[in-house]
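Data block below; observations after.
Labels run A, B, C, D, E and F following the written order; every chain starts at residue 1.
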């Protein structure tokens, strides 16, 4: 069963685009898209996810929202702690580097989330709309918890600064801005914007994953310097966090699709918000470590193999 | 009645996007879109408006065009003069600054025009296609008239230079280029480009207004330095010019929608072409004054409240 | 008959956009699109052509492919040699400059190819999907052959470097990347990306040709310095190569549409890959000569008049 | 390398002046220039100026006479009303005839 | 032109420091600055840093005292952990009171 | 700050040379470099060059020996056929071992 889900996921346009661009980069061919496109597409994706979420939120009963919200908060606490423990014990990292890397696994990757949505859509699974809201919650909480670990151990200065950076940063703001727009305008009046925010979504994601393939492949090259322990943890941590996320999703009463997406969120590692916050709060931690782990190992693992695995977990648990 | 029109206007995606982005900026959250998008979207909007206008022009009788054209020319003369008088008397500005600011109110804002089109479309009102052509006329005439005021009083050097800058500048050229393309290609053969220039239009406008919300909110912060007289005039001038525009539209025999759009054009203030021209022609005038007035006060006023008011005026007068 | 094909081609949105933007530039109006759009649109077009080609390839029998492939290879050898001979004899260029310019005529212009596809589509002609693959082959072979000419005569150093530059460069990589994506994902699963890669295609091409109109017009101004012989050859070479291409297409058993496109490819001159390769391999050759010829003369000629002529040739020969 | 000296003039100015400054340095004798874009703050205040896009950063290597002429022109026509700053550094160049 | 001397400080630093460096030079007395963007390599290695976008290139013309203060602050707070390089050149300016 | 001197080399060149110039300065001993982009005019004429995009502006702080080697290489391989200009300024740096 998993094999067929994996193939179904693999053969979607975004995932193939990612793989092709990654392979091209590994053989030193230049398939990079023009620089401005990266920033433009990532803003577009965040805003579109937000609008979609806000629109769905407007159609949901608020009573449905409590349990998933609590599940998300719990995941925001548990997943960075688990990652921290694994990085300390198995990864043999010092406190600072372990906390820095754990912040990435506690936080989330909006693009991984989006690929999961596209995969589920392609396989006809429906997903609770409010999950985009949980994405915003999880993005922040996991970073806060992990930085608190380092702070407890007395080594973070830029702490509040770093936090403000995340909360007021573009990725949260665009997502929440989109949520509010979607909620305020409402399903019906949003229709004239559908050609941009709905129809083009999968195509834009495909284009974005071309760029991500290049970036991830460049990071993968650095994996050797990071050591094999990091490579292994870059796969084990998402699997562990994904399983916890799937359990949390089914406990919170989410649908199979929703559970798979929550698992994916828990499993995913941030590579935008977390690095920026960590660079400020823990400047002595090594970016070569945490960016390589989240972007070079975990991101490709999740996009290619992880998502179908989390879907299989969700199918077992719901 | 106006209340319901205001709500109808407010709840469209572009206007809500503007409000949300503006509020986010006022609380110092960073919802700015990547820099290149601003220029790209504004070029797209101008070209798309032009093509739409040229296409409609191709389906119109040229006999219909004379009276609206004369109305536009009259507005291009009256509105900057009225603005100048108000800015001198009520605003207590010196000649140079009054003329500089009047140039902005004599000229037009293509984005405000576009929001009006989107609002009218959402409420099912049809609008004469050739209005995009009048936009081009009004953009230039109002600036010329206002600069002539300052020149008469002996204080403009870069006069011809400034004029050429407007006429050969991108905003006019893209608009006119679009008009010619629309006219030459014709309705039927344009169909393959509709997914870009028609379907995506409202979505692109929504995205653009996110950026405009940020920019306008930043300007609004400067309003304190500009003084309360400017703030008041930033609302009074568009209302006065809008009323004159509505009258001119109905005299010219435009439909209710067309009259509302002409009123919006008259009421709108330029914040791209006029500042550039004025900076050259009247370098001693203060940009802090005229950009704040047109972008920080009048633009948000028109987008949020003005357009529904001009529509109500048009409904009364036609 | 040709007259009516010319009018049909001329009145498509992309061609009119090209003409309007070119004329605007010649009268010194600034209709240039924002800089980032140029790179973004050209990447998009290459990827979209590739995906379209790969998708079609997935539906073709591989047996159909051999003869067209051989035809393309033959064209990649014959067309630069013919161009070289004409540039030496008629153009009176020295070996280096003749070889440098011949590399451009041996290679191809993806945009000219794309305009041909759009024109044929508008006139209801179908075209073999695998032609995008031949585009990639022709892009490289023609450059190699022409550089070999100069090398034989002992004056190219950066030869391998230049070649790697072409093969690993973005234009080839995006095209081939798209082909692989299209082939791997397959027709059905590509459907969710159609709003981006299919529906928007003609609109994006129109926008791109606005920019090309500006660039080509700027080059056309330099034509005086290049001399009348180059201007004449900028029209004669594509006509000759186009005729050979049409013959090759009909011999290879292509449809009328496919033959017209192969003729267009043979006739088209590279203005991205070839100049970059030639600048490295033959630094003493004059860019003022080869870029003017390919971009200032041949590109506009092909887009406005050439394509309908090659279509007429194809109709005669198939 | 030969150690011929020339002057490197750097001008930072609001966006609307781009073409005007290019024309100025060329007219007064500069044989070349390069233009980049920056954002910044100075006496004028940021907000009032960046509506027209990022500021221009023009640099041009020139002879002493040309640099003096350009500075005079800046002081006469641009310093009073526009947001412009400029500075000069002596640089060593090869091929001095090119500057 | 008058030949008053000032110091031109150029700082190149990883992207996350942009706002912090602006605040730093303003706080320590610079009356203006300009910011552009570059990509590069140095001791830190390229890959580990450019996730946050291109590096910042800040330049600011300032007095000798200000340049010394900024350098001290850089050495204390930024050189140890961040990818930052900086250099100083004396420049001639007009309107020295503006720097 | 310590007042150690190094040389700041600035090279402006047509776009196709970007990777080649990076390789050159690294090979000849520069420990770092930064790259930005500019548009300009010089002896070559603008139109013939900008098909490949904006020009490269490379700056690198290096020792006297390295700067001499780079200049020699430029003069031998690039000045004759390519659109390249370069200039050198002495700068003060902290942490001189980094340059």
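Convention: a residue touches a chain if its C-beta (ideal position, glycine included) is under 8 Å from a C-beta of that chain, and two chains touch if they have at least 3 such contacts.
What you see is a predicted model, and the numbers here were worked out from it, not measured in a lab.
Chemist: Tell me, which chains sit next to both chain A and chain F?
Modeler: Touching chain A and chain F alike, sorted by label: C, E.
Chemist: Which chains lie in contact with each of chain C and chain D?
Modeler: Common contact partners of chain C and chain D, which must touch each of the two, are B, F.
Chemist: For chain E, which other chain has the most distant CA centre?
Modeler: Between chain E and every other chain, the largest centroid distance is to C.
Chemist: How many degrees of rotation map chain E onto its copy chain F on CA atoms, rounded to the nearest 5?
Modeler: 120
Chemist: For chain B versus chain C, which are copies of one sequence, does the interface use mostly the same residue numbers on each side, meaning over half shared, or is it different?
Modeler: Homomeric contact, different residues on each side for the most part.
Chemist: So, comparing C-alpha centroids, which chain is the farthest one from chain A?
Modeler: D
Chemist: If you average the Cα atoms of chain A and of chain E to get two centres, how far apart are those centres in Å?
Modeler: Distance between chain centres: 35 Å.
Chemist: Indicate the whole-number Å distance between the mean C-alpha point of chain B and the mean C-alpha point of chain E.
Modeler: 41
Chemist: Once you find the CA centre of chain D and the CA centre of chain F, what distance in Å lies between them?
Modeler: Measuring from centre to centre gives 20 Å for this pair.
Chemist: Centroid from C-alpha atoms only, then distance chain A to chain D, rounded to Å. What do you get?
Modeler: The computed centroid separation for chain A versus chain D comes out at 46 Å.
Chemist: By the touch rule stated above, which residues of chain C touch at least two different other chains?
Modeler: Answer for chain C, listing residues that touch two or more other chains: 36, 39, 195, 199-200.
Chemist: Quick check: what residues of chain E touch more than one other chain, meaning two or more?
Modeler: 36, 89
Chemist: Could you list each pair of chains that touch one another?
Modeler: All chain pairs meeting the touch criterion are A-B, A-C, A-E, B-C, B-D, C-F, D-E, D-F, E-F.
Chemist: Please name which positions on chain D make contact with chain B in the complex.
Modeler: 14, 16, 45, 47-49, 51-53, 81-82
Chemist: Applying the document's contact rule, which stretches of chain D touch chain F when the two form their complex?
Modeler: It is residues 1, 6, 8, 22, 26, 31-36, 59, 61, 89-95, 98-99 of chain D that touch chain F.
Chemist: For chain B, which residues are in contact with chain A within the complex?
Modeler: So the residues of chain B in touch with chain A come to 11-13, 16-17, 20-21, 24, 28-37, 118, 121-122, 195, 199-200, 202-204, 206-207, 210.
Chemist: Considering only the defined contacts, which chain E positions touch chain F in the complex?
Modeler: 12, 36-43, 55, 57, 67-68, 71-72, 74-75, 79, 85-89
Chemist: Using the touch definition from the top, list the residues of chain B that touch chain C in their complex.
Modeler: 36, 39-40, 43-44, 47, 167-170, 173-174, 177, 180-181, 184-186, 189-190, 192-197, 199-200
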